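Encoded as structure tokens, here's the structure I'll be asking about.
Letters are used for the chains, namely A, B, C and D, taken in the order the chains are written, and counting of residues starts over at 1 for each.
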Amino acid sequence: MPDMEDSSDLYDSYESEAPAWADHQAQHLEDLDTVECLRRKIKYYFMNPCEKYHARGRKPWKLILQLVKIAIITIQLVSFGLSNQMVVAFKEENLMTFKHLFLKDYVDGGMDTYAVYRQTDVYDHIEYILKQYGHLHNITVGNHEYEKNGGVYTPLSVCQDFYRNGTIYPGNDTFEIDAHVETECFNVYPMYDPSLREVLPGFELHFKRMLSVKLTFVLKAINLQTVRHRELPDCYDFTVIITFNNRAHSGRIKIDLENDVDINECRDWKVSGACKFTEDSDIFFDTMTIIGSILKIDIQTKVLTSYDVCSIFLGTGTMLVWIGVIRYMGFFRKYNILILTLRAAFPNVIRFICCAGIIYLSYCLCGWIVLGPYHEKFRTLNTVSECLFSLINGDDMYPTFKNMKQKSNLVWIFSRVYLYTFVSLFIYMILSLFITIITDTYDTIKQQQQSGTPTSELQKFLSVCKDLPNSGVYRLDENNGCFLQCWISR
Amino acid sequence: MPDMEDSSDLYDSYESEAPAWADHQAQHLEDLDTVECLRRKIKYYFMNPCEKYHARGRKPWKLILQLVKIAIITIQLVSFGLSNQMVVAFKEENLMTFKHLFLKDYVDGGMDTYAVYRQTDVYDHIEYILKQYGHLHNITVGNHEYEKNGGVYTPLSVCQDFYRNGTIYPGNDTFEIDAHVETECFNVYPMYDPSLREVLPGFELHFKRMLSVKLTFVLKAINLQTVRHRELPDCYDFTVIITFNNRAHSGRIKIDLENDVDINECRDWKVSGACKFTEDSDIFFDTMTIIGSILKIDIQTKVLTSYDVCSIFLGTGTMLVWIGVIRYMGFFRKYNILILTLRAAFPNVIRFICCAGIIYLSYCLCGWIVLGPYHEKFRTLNTVSECLFSLINGDDMYPTFKNMKQKSNLVWIFSRVYLYTFVSLFIYMILSLFITIITDTYDTIKQQQQSGTPTSELQKFLSVCKDLPNSGVYRLDENNGCFLQCWISR
Amino acid sequence: MPDMEDSSDLYDSYESEAPAWADHQAQHLEDLDTVECLRRKIKYYFMNPCEKYHARGRKPWKLILQLVKIAIITIQLVSFGLSNQMVVAFKEENLMTFKHLFLKDYVDGGMDTYAVYRQTDVYDHIEYILKQYGHLHNITVGNHEYEKNGGVYTPLSVCQDFYRNGTIYPGNDTFEIDAHVETECFNVYPMYDPSLREVLPGFELHFKRMLSVKLTFVLKAINLQTVRHRELPDCYDFTVIITFNNRAHSGRIKIDLENDVDINECRDWKVSGACKFTEDSDIFFDTMTIIGSILKIDIQTKVLTSYDVCSIFLGTGTMLVWIGVIRYMGFFRKYNILILTLRAAFPNVIRFICCAGIIYLSYCLCGWIVLGPYHEKFRTLNTVSECLFSLINGDDMYPTFKNMKQKSNLVWIFSRVYLYTFVSLFIYMILSLFITIITDTYDTIKQQQQSGTPTSELQKFLSVCKDLPNSGVYRLDENNGCFLQCWISR
Amino acid sequence: MPDMEDSSDLYDSYESEAPAWADHQAQHLEDLDTVECLRRKIKYYFMNPCEKYHARGRKPWKLILQLVKIAIITIQLVSFGLSNQMVVAFKEENLMTFKHLFLKDYVDGGMDTYAVYRQTDVYDHIEYILKQYGHLHNITVGNHEYEKNGGVYTPLSVCQDFYRNGTIYPGNDTFEIDAHVETECFNVYPMYDPSLREVLPGFELHFKRMLSVKLTFVLKAINLQTVRHRELPDCYDFTVIITFNNRAHSGRIKIDLENDVDINECRDWKVSGACKFTEDSDIFFDTMTIIGSILKIDIQTKVLTSYDVCSIFLGTGTMLVWIGVIRYMGFFRKYNILILTLRAAFPNVIRFICCAGIIYLSYCLCGWIVLGPYHEKFRTLNTVSECLFSLINGDDMYPTFKNMKQKSNLVWIFSRVYLYTFVSLFIYMILSLFITIITDTYDTIKQQQQSGTPTSELQKFLSVCKDLPNSGVYRLDENNGCFLQCWISR
């Protein structure tokens, strides 16, 4: 407030000073004009595009350019996303197919519990895989084929990892182990009806020392459905890896099937009957930023292996661009207060998150140590954090209560106290305080806006000039002289 | 505030002016009376029905009529809804029946994963459908029958879509394809124990080129259960379409069963033993609005195919009518403040939703591109939006965290950062700001009501007249002269 | 505020009046004393038990009695609840047993989809039930037995409901039906290895006319586990009813198993080896209210059939008693403000719920009509309301979005608009307004308490007396004269 | 406020007093200096570490030590947690293995419904267990072995609990029972292909009197996977107990498998081929507090049976240590207000929880009694509380509505009223009041901070001294004289 008076004093002094020295008056009036010019010029500089249009009739080219850029980036992202969606779907469906073809008695959704517990079952599962692999093209309804390397099919490899040596007698609580891991591999060529004994005569699993068995083979396929979208089909190499995992030696061997995909352009192709094919790498115009284009080309031709890094850059970039759009909303007064509130409350929210974060962390550590053995969700520090964060934000609590194993009364009571206090503390106190912080900030900003206090030296300087944008005084032709004079007099 | 003083000045001037010019006094007093008359008349006009009743004893016919209209519309809607509920249930149960009868090894709830992966399985499934179709009436416990067309059963048709020509060698990364799609159809008449080879001698599936196989047939049924509700039974034509979808050529052929329903009045019927039948199209009285009636009749006779459009109109209409009822609550002062708050806060909320929506959109785009390949819920832009919107409003977060596939560490970390920041930002900052906006609006409106500031010219004019509704001055017999005089003097 | 001044005027007048008329002074002073007495007496009357103890040393007998009563009622309720819990568990386990024994291929949790679709399956299921019933005691691991009536086993009855007459030709869209329902019953006595043809030679199901088949039989059992809790075992009569429901004639016959339970005291029993048996009907002490006792005795002896009505009375009663306890918390100032806020905000919250309820209702109706055919949760008006209410309060939204069937694009878009607007409106605006209402009420009450404005005539009268409870002036021996005088002077 | 004026009076008096008595002036000035010294010294004492550093350049050793301590405790906890995680995983996987090996037709996740209902099934299950136990090492893929006791395998024991005597005739509603429980045991040695008749010739189950059958045996195993983490493998004794529970005599015998684990150091071992083995009990340095170390050693050597007690102490301890860290955040002014708000609001929140708790309790009791028989979640008082608490905090409500069994209309309506009112009351009123309490506290504290009112005598005394920490006056060398003088003059 006192600052404001100072500023008007300063202004008054310009005017009251003038009549004092009559001969300096002309010079002074010229100075005053110059100051006024400067003020108006600066004020114009800080106008938003709408106001600039009103002030001088300048078309908001920059704004339009910005919007066009955002549109282009978004369209590109969406087109890339849509094409990517199809690739992902094809990969997923092939994975499902391989599970159904190569895993014995596999049921959809049962991968979590797909494991074997008996020695004969392990042999049966391996034999089943070899058999299915052997007459794949009589079975599959897709267009899968073996990989060929110089006219010869590349074989399926069966590899067994085991400790080099080891005699384990749990009955006596004694063991002798050589912790070096050895690997034994066999190659199996596609064959119509193999039995394990025939194909791998010397093959035996040393269950007590065994760490894992891995079956690896490559299948090739072509994604034909892109033909209907007027894109060229791609050729896929699926490397299927089936792992029998016995690292825990707990009597449970978990079986896992993964497929790594390698996408290439097909070597030789001929498509007829479709109206027009876009080469996929056209789209749109030439003024793309260089990095964007390269990324896009790379991804489109699907030769880039570091797909994840790219997508993170692309995604985060687009996100930031869009968040940047909010700036333009600040041009409108009613929007401005909301955005200002969010921005002003941000540091306080972050500060408070730090405080609450420490309490949160302490609950995480405590829960992990005490409840870890009794609840799936408290098994690792990471899942504890996710579970607690979800609980605050409205996750189902009852299952968390219910699935707590009730072996020990002490732990059971602890778990109840732990959950009730955590939820009460965070939902009733900490979430409420967030609301309070935001409300407080909003009130502060609203009062600031209503009192209209200038908050910086520049604002004080400009506050003297009250000309509205459409008053006409900003028009270049009229002011030209003024600015010219302003420049000359300097 | 200054406006208010003006208005009282205006009023004072009427009274202070009068004694000044004595000869104009009589005329002036008459004028004053006229103004007072007008004031009272306008005030009466803006009274709510209760006050009007107190002022002149006028019964609130309009209000009663409104309430009756709402009651009628709601009753009609409910009766239509209840009758519709039965139709939907019948359709649903028939769909379940067809799935159990025609899909081999079908298990309830398993439609998501109902697919085949082996060539022989495809043939088996088709043969099973033909067989079940062949002796349907010995199997079904419902009253299904084949459609007859001129005394002859309409046949089941088996159609195969495939690329006209195509040689695909994934092993060599080469292919040659003619993208024209050809369709090959066979008709099968109901037959007791068919084998595929017998019924369709030349039938062969070209798996590599095949896009889909479709089996289509029509079954007729009568919904007898309406008899017990004293309605006439309807005759249903179910067009059952079983699709083997191989468009992806991924090795997985998804099988889908749909039934399109066509509901007709039965041609010839005789019902006895039931007390009384309503023809379903009576109901109630004649002053129905024309569109409403037509719609209702159309839907009741079930000949309207565009059922969805109708239901959307009907539903939205009723919704708006009911929301209109809120207006009447504004008659009571305590309710009024709540409604006013909602209405006044609305533009600000919408404005803020715009701002938040941009941040939201940016998160959607980013999540779609980066997490799409790793999480079911981020597969399409639409599901991303639904997933994030649900997360804000209290959806289970833990499964979203958990189901993120952990193939790439980078993406895994990104997903954590993404979800933690999104939830924190939206729940702790943005939802809190909504509360702040509402609170602020409420305070503003409460202060306005307490200070009683008139907000429009009309209110200022009326604010002079302080007569209460039940003061008697509004009674028509007393005021008649006044108003008459008022009209004459004009 | 003006009222307050009035009250002090009134008070001043007593004192200023006195010196005016000297001869009336003595009388007046006596009057003043009387008024003071009355004031103190009334003030004492409104004191809370703690203050009364401080004022006159009176022990808070009433409060103690109240607390004892609450304790007794709660203990009784808990003991009844615990005993009831065991009965419910026994009933539930028997129901599971009957499902496993009598329903062919029954799997736990699959009752929703337990249905048959083929004619032979219906016969098979009935035959299976008869067979299992025939050699029940060789199968069951519980102590189930057939009911005997005069030395003869009561038979199992098979009843078929069907329309008296009916010829239905869906193929021609014609039907002729006599809507009278006839019932045909057969009795089957337990028999070792029956085949349906043997046992029920003339039994045939008229699928087209059939409404339902019902198999009913009675099994008796004794709940021995109460022996270990030193209670007498009860004898149970389970009436098992298996219903094949074909009312829809949709081709799907739903099978349902219910058991009605009748609990009696066993007729003849002898228990040894257990230390001491409480007869279960001891209770506790004699001052129980009459209704309570009768209820309890009735329920304990388990002869009361209207168990539900009782439990609702008992439960609601105990709830109200406990809520009444809150009154005592109002004795403490800090608690009082919270309770007062809740009480004061209540009418406004209810008012607002009315307004919001109308919008809510309009959404319910609209959703029911439009989305009913496309989503399970929108099938009936009741489930729509439950679903929407749950959505507001943090239910999983994503499944609601996801399970919307995507047949019609129009409905799909409508469903999105519907859900997004509903959730936004209710969570962002209406829930926020609740918070505002409560906050506003709290502020009002806090200011009232701080300004200490008396709000009623009585409070104004009492506000003059500022004696603290422990000041001693309330002691009976000292005041006795005063009060006596007070009574005499009247 | 009046206190503040007093304090300034006190201060003024020092200065105004001085010129009054000229000869006492020197003495007085010295006194003033002493007071000033003391003030500064105390003020320094209450400074936070940062300010102390600025004031005198003192390094914040204590703070650093604290942080180091916290780091050590957390690191230890994390290392212990990680090692514990592996143990828990090994136990869990073995439990899964035992279930798959010994329970007939066991399916993952189906333990809830794993039960038998037929007499022959009970015998079959027992025979299956004996058979699997007999040739365990030909089956298992883990390194399980029988326990040996003096060269002889310890046998599996089969124990049957039953009432000593009992004749139960549910058909007549009569029974005669001797409530003494007898136990009959058989020992079975591992045998290749036993049939129950052979192995246990006299074995028979008295189903009507039987309470339970228990099969107990011990298996030994070694957790080899720790070898890869450079830790010594541990030897495990699993005591497997399979219980057939018939206590309810409801016709359903629930089967349960538990394994108690005993972890020992292996007796004799030899590991080669791994680079370096940490003995697991090293880690870090010697200044550990004694209790902590002992606990850690005990747990690390895994001989401590009371693992749960330890983990609760460890977990809670670490939690408290971390929460203590928040104190240090109070050093920063912006953080301080948040922490102060939480602390100041705490008593009010607790008070309010008491009030709300009573309403909550009344709902719990009522729901338990009335809805207990009709809903799983309302079966016990504990689950009712958990269910309602979860509902308030955003649990899925729809399933709770939906799973309410609809047998009785009265109870159905009650359940709806119960749930709607409970949720409305708690979410709309009580949660909102929490927010109000926090907001109110925040406002109070903010105003207090802004008005800067000193709140204690000490603060008043210190408030006179306005020297900033980095003003230099606190430097020890400068003040030394002052403090010395201060001490001397006393």
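Going forward, a contact is a pair of C-beta atoms (placed from the backbone, for glycine too) under 8 Å apart; a residue touches a chain by one contact, two chains touch by 3 or more.
Chains and their UniProt names: A, B, C, D = Polycystin cation channel PKD1/PKD2 domain-containing protein.
Keep in mind that this is a model prediction, so the values were computed, not measured.
> Could you classify the subunit A-subunit D contact as same or different, where same means more than half of all interface residue numbers appear on both copies?
Subunit A and subunit D contact each other through largely non-matching residue numbers.
> Let me check something: if the centre of a chain is the mean of its CA atoms, which chain is farthest from subunit B?
D
> Rounded to a whole Å, what is the gap between the Cα centroids of subunit B and subunit D?
Each chain reduced to its C-alpha mean, subunit B and subunit D end up 47 Å apart.
> Distance from the CA centroid of subunit C to that of subunit D, rounded to the nearest Å?
Computed value for the inter-centroid distance: 33 Å.
> For subunit C, which residues are shared contacts with two or more other chains?
393-396, 435, 437, 439
> If you look only at subunit A, which of its residues touch subunit D in the complex?
110, 112-113, 115-120, 122, 163-164, 168-180, 207-208, 246-253, 347-348, 351-352, 354-355, 358-359, 361-363, 365-370, 372-373, 379-381, 391, 393-398, 401-402, 408, 410-411, 414, 420, 423-424, 427-430, 432-433, 435-437, 439-440
> Hey, which residues of subunit A end up touching subunit B in the complex?
Its residues touching subunit B are 74, 77-78, 80-81, 84-85, 88-91, 93-94, 96-98, 100-101, 108-109, 138-148, 220-225, 227-228, 233, 235-236, 264, 266-274, 308-309, 311-312, 314-316, 318-323, 325-326, 329, 334-335, 338-339, 341-342, 345-346, 349, 353, 377, 383, 386-387, 389-390, 393-396, 431, 434-435, 437-439, 442-443, 446.
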